[in-house]
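Once you've had a glance at the structure underneath, I'll fire off some questions.
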Amino acid sequence: MFEHVLSFIIFLPIVAGLLLLATPANRTVARFTGTAISLAALVLSLDLYTKFQATGHLEFIENIPWVESLGINYSLGVDGISLFILMATSVLLPMVYFIFSTKEKGYYANLLLVQGAMTGAICATDMVLFYIFWEVMLLPVFFMLGLYGGEKRLPATLKITLYTIAGSLLMLAAIIYLGVSYHAQFGEWSFAMDKMANLNLEGRVAALAFFGFMIAFAIKIPLFPFHTWLPDAYTEAPTATTFVLSAVMAKIGVYGVVRFVLPVFDMEFARYAILLAYLGVIGMMYCGIAAIAQKDFKRMLAFSSASHMGIIALGVFCMNVQALTGSIYQIVAHATSTGVLFLFAGVLEQRTQTRSIADLGGIAAKAPVFALYFAIAMLASVGLPGTSGFIGEFMIILGAIKFNTMVGVLAGTTLIVGVCYMLWMFQRVFYENPTPQSEGFKDLSLVEGLTFLPVIVLIIAMGIFPNTFLKKITPSTELVFSQSEPAAVHTAAVTPVQVPGLNLEKN
Amino acid sequence: MFADGLFMLFAVLAVLGAAGLVLFRHPMNGAMSFVITLISLAGLYALLSAKLIFALQLIVYAGAIMSLIVFIIMFLNIQPEDLPKEEGKLLNILGALIIVAPIGYFLVKIVNRLPNATTELLGNNFGGVKPVGLLLFKDWLVPFEIVSILLLVSLMGALLLAGKKKEVSK
Amino acid sequence: MEHSVTYLGLIPLFPLMGAVLIGLLHVFTCNRRKLPEMLYGLLACVGPVLSFIMALKIFFALKGMPADERFLSQVAFTWFSVGDLHINMGFLADPLSSLMLLFVTLIGSLIHIYSIGYMKGDKNFGKFFSYLNLFLGSMLILVLGDSPVVMFVGWEGVGLCSYLLISFYSDGTDNVLAGNKAFIVNRVGDLGFVLGMSFLFWGIGSHGFDYMSLKANVHHLAPGVALATCLLLFVGATGKSAQIPLYVWLPDAMAGPTPVSALIHAATMVTAGVYMVARFSFLYAHVELAGTIVAWVGILTALLAAIFGMFQEDIKKVLAYSTVSQLGYMFAGVGVAAYSAGIFHVFTHAFFKALLFLGAGSVICALHHEQNIWKMGGLKKKMPKTYITMLIGALALSGCPPFSGFFSKDEILYSALASGHFGIWAVGVLVAGMTAYYTFRMMFVVFHGEPRDQHAYDHAQESPAVMTVPLIILAVGALFAGFLNLPAIFGGDQMVSHWLAPSVTEHHPHTGLFVEIIAIGASVVAFLIGIKAAYSRFGKGAEEPNFSGFADFAYHKFYVDELYDAVIVQPYKRVGAAIWKTIEPNVTDAPVKSVSTLYMLLGSAFKILQVGYVRVYAIYMIIGLSVMSLFLSQTLN
Amino acid sequence: MIHSYLYLSIILFCLGVVGVISRRNVFTVFMSIELMLNSANLAFIAFSRVHESMDGHVLAMMVMAVAAAEAALALAVVILLHKHKSKLDTNVFSLLKG
């Protein structure tokens, strides 16, 4: 069984979700199934984690021919990069079932489906398979948002649909282009990710394919200026959906860039990295500044999430091992901080029946445990050393400085931008005097407290002992750059597009 | 030559009947001229050695279906004032002809590319009941069954529509 | 040269564990039933006292070694390691950090004890001590960290505690705003710190990023990068140590409880910037220009803060500006490469400023949280212990020989003069006079003359022993700490300077006795003029003055806060609102919106064709067919 | 020779189309559709003769069956229409208007 552990992690939730939809199970059964299945996936993932060798290469490979005439395989595998995102998915999702109990059967079924599909997208090493999981993971989100969302859910659903479908189609075109190019260059059909890295891509069409991939991932991440679906969707979606979107799904965009774009389009990447890096930095500042103007705390967190995603994406574009590792680390850190903040926002909303910052106040005195948890997650989100947020952010800024001084300095402003809106929000909601809505605020119950405890512990552990986690990631990230060593000779000849900015070496 | 003469006769009758259908104001007149078309078509089928179809055209089409239509027209007891007032009918028809002309031209062009063939009457039981029936129940069995279902469905549909009368009156 | 030990990590760990323990106890009991304050008090004091004992142990361990081998280090574990970036969670105790350790733990312990009295009856008693312990732990990490990154952990940790403690009375909006301001302004500095670290790493960090390796490789650093690094790190220092242009948070930070002001915003945290510059002395010694900039920024801050201090009416703000001013001196000291002088001033300042703050706290407590000096007066008789101890502190602050402040400040001014920074020296002497003036203005108004608020005066009484004993201990420190670094001219042997020598890169300029006498003489004269002016103006009791002209301008702190608000805060908010209200819907969202608008337009255009008659739809279809046929018939011949 | 049959089929088809799109009387429209079906039948039979294969005959029978089904339904609809609106005008059906 163990050689198919990845398939189990992927298909256990999917099958359970479909069964739930097909059978007339009631809400309680659905919730229980969801909890049990997600915990089972967690156990399997933990087992996987402990057995992971950290060689830097793919492990737990499964490879079954699927559409042989086109060289499409059902192939799975994890390396340090994907393992980490997989773990984030498996560890964080079970929480959702414990906290919010008042949802319908279909909601839990969709949650299970999205979990399986996301895991599939993370583990897939064949581009077509990845594309299929990528599309499948979007569907449950549409349903959860459109069926169970807030008041303005329909425009939000429409927007996210328009955006993501547009991106996905571009990616599909690019994938087909890659397959055809592979056939043209090597005489056989294949969509395997590792073979694609051998492709020699040049010219205008390759650039178009590169942008096809990049736009699809940029929309998912979301990178400025493709982020406008995010505030609406994050605000209107039910809490657990927002959590899934921000904690994991957005990260698959970044992961896609690392896994598919970086090895395959090394030349294009080297050429356009500076532009993309600026987009990341601008997005970080833009969304961070916009966050301060929000009156709705969920929307504020949405902008904060977009702001952080800008910096995470930046880490990938900096093309050095520190920044890339920082990004991967920050992906999980962000899931444990901002993602969990969304859950806390859900708790707040559930108890006070309001999302307006102005309606709240003085909660710290009413609910010290909740305030403590919230504060820890918030501090991790602003990157305080000793919490998970610092390590990644520091390495990204460090890498960005090497990549381009100007970008690095701008990236550094995340330290200031983040703290402004977070403190402002914390002050209004948790300090000052209680308002009528927060008057009877109840602290976290024992179950809730225990549910959140592992994440809080994880935040601290990731801040104090990051190396235990980094040991699994770094072999893979170091390989990303050592593999493209021959390509690096190429890329040295590539002139990056000219953007104002200083270079450290020139100083 | 005799066959050509017959063809010309039937063809002219068919076109005239069709033109009458399009031009007559009252549907009863139209139906009558359409019957002429159908009967002349039956004759043409016979010239093409389609014996069974010739018979069916006369019995089913000219006989059954047209009787039904005529019956309904009479049943409704249509007065000339019930008919839609079609001002500029001829103009409409002229416009329609202009629209349709390219289609006809295109089809004619296609036909011109086909090899011409003679249409002598064929013996050896071509188009007779037995060979057509064998073909129908061997090669075309499934479509045949589907058509039968279609007929059944339309029958029930007609019944349902007729049955709606009561609900409406309520 | 380095000696590996295993107990360094324990020093910050004691208070940190105390913080976690107290914090958890508080969080889980505060809304149910209150635990006795004594329990929290005892728990809170255990950590700092244990750390102090360890600090003593380290001090004596170092003392027992040869001078150039005084380095104790411990690598607790690999913190993170990616590529050639290799950061250990490592601690380093050398003369510099051991000196810091000693006074931080000593003053920290005293203030913990004092706080038991000061915070009596507060409903968040446990929370307070949890934060205080957390602060001490972070400060010790800052001091002990063996690489800039570990120092940054403490650096941010103390910033966090500062935020938490300033906004401790969290039901008042102003307090929380002051906390926010402190954190955000500090973050601006931290940006500089992080960028400085990054430059340093890409410059010379790949051979190891701890101070020892950096020091060994510093000559590989390109001059431009070195200057940039120095200045960026100094930006970090200006944030933490409240220098121009980031000093604005410190006066507002007085919103926190007074022991916090004493411990964090006077004695320890705010001196972290000076400590950091001294830590990087090898770097600053490498780039002379950077040092000069640091010195000038420092001395100008000293001048500016002294001007502000002369016109304040809140007793804690007077002290806050004097802290800013004294920090300016310290930077002037480290800027002119007199690192030991700067650190020595940190050391003495910690004693007398903590003393002054605690004394002020005692006064504030006695007057039921009245902080306006114009509502006090004549307290000398009511609170003799507080008065005498505060007088010692004030004399030390004003630089009266032989109090500790005199020696340390004089050392700085002498170094500035001796190294040829004449302007800095001149401004420094001027500021010394102003310091004496505003310090004694405060003392005279508060303790001398007639009571201005008879009711409050009648209820005032001397604070309990738990508060006065730390005052007395600190007063002893403020009196005698100066003798530790007695210069040769007074028959001393500059113990502190010699002690620090292995840690900092400095060279003592050799000048004649004459220069030294000029320096001392000028300082003493400035002190006398200052105190005379204060006495003639306020000695016999004075009423609250009405300010006009320059004084009014200074009373409003040159409107710097308003300027920052108008130039940075408001535009920032406005940009945020503009993005949200204008740019987001009209610019970035425009492509998506235009797609949907396009579809709507097309829809309404095609709607005209939808007449509803099936016949017309048939006509459309036939027209389509017809057009297609026309086209296709072209292809046939 | 066979061309003549096909030309006739085209002429009848075009007349049927003209009837459908230019007339408003439901019966005429309906019978025009029948006319088009018949023109198709003619083409079937003609091609059947050319290829000397009887599949066309079978198809023609199918078309007749469809025509019969259509007649049954269409006439039912016409009756309803007449009942409700007392009109035989196709313009009465305008529910599809956007």
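Should a chain be cited, it is by its letter among A, B, C and D, assigned in written order, with residues numbered from 1 in that chain.
The working rule: contacts are C-beta pairs under 8 Å (C-beta built on N, C-alpha and C of every residue); 3 or more make two chains touch, one makes a residue touch a chain.
Everything quoted here is computed from the prediction, not taken from an experiment.
Novice: Tell me which of B-C and B-D has more C-beta pairs in contact.
Specialist: B-D
Novice: How many angstrom between the C-alpha centroids of chain B and chain A?
Specialist: Here the centre of chain B sits 66 Å away from the centre of chain A.
Novice: Distance from the CA centroid of chain B to that of chain C, rounded to the nearest Å?
Specialist: Distance between chain centres: 99 Å.
Novice: Express in whole angstrom the distance between the two chain centres, defined as the mean CA positions of chain B and chain D.
Specialist: From the centre of chain B to the centre of chain D is 6 Å.
Novice: How many angstrom between the C-alpha centroids of chain D and chain A?
Specialist: So the centroids are 60 Å from each other.
Novice: Where in chain B do residues touch two or more of the other chains?
Specialist: Residues 96, 99-101, 103, 107.
Novice: Among the residues of chain A, which are close enough to touch at least two other chains?
Specialist: There are none in chain A.
Novice: Give me the residue numbers in chain D that touch at least two other chains, ranges are fine.
Specialist: Correct list: 17, 21, 24, 90-91.
Novice: Applying that definition of touch, give me each pair of chains that meets it.
Specialist: Every pair of chains in contact is listed here: A-C, B-C, B-D, C-D.
Novice: Which stretch or stretches of chain C touch chain B in the complex?
Specialist: 619, 622-623, 625-627, 629-630, 632-633, 636
Novice: Quick one: which bits of chain C touch chain A in the complex? Just the residue numbers, please.
Specialist: Residues of chain C touching chain A: 23, 26-28, 30-31, 77-83, 85, 89, 149, 152-153, 155-157, 160, 163, 167, 170-173, 176-177, 179-180, 183-184, 187-188, 190-191, 194-195, 197-199, 201-202, 222, 224-225, 228, 572-573, 575-577, 579-581, 584, 587-589, 592, 595-596.
Novice: How about chain B: which of its residues touch chain D in the complex?
Specialist: Touching chain D from chain B are residues 7, 11, 14-15, 18-19, 21-22, 24-25, 27, 30-31, 34, 37-38, 41, 44-45, 48-50, 52-53, 56-57, 60-61, 64-65, 68-69, 72-73, 75-76, 78, 82-84, 86, 89, 92-93, 95-97, 99-101, 103-104, 107-108, 111-112, 114, 116-119, 122, 126-127, 131-132, 135-136, 139-140, 143-144, 147-148, 150-151, 153-155, 157-158, 161-162, 164-165, 168.
Novice: Which residues of chain C touch chain D in their complex?
Specialist: Checking each residue of chain C against chain D gives 606-607, 610-615, 617-619, 622.
Novice: Show me the residue ranges of chain B that touch chain C in the complex, using the header's touch definition.
Specialist: For chain B paired with chain C, touching residues are 96, 99-103, 105-107, 109-110, 113.
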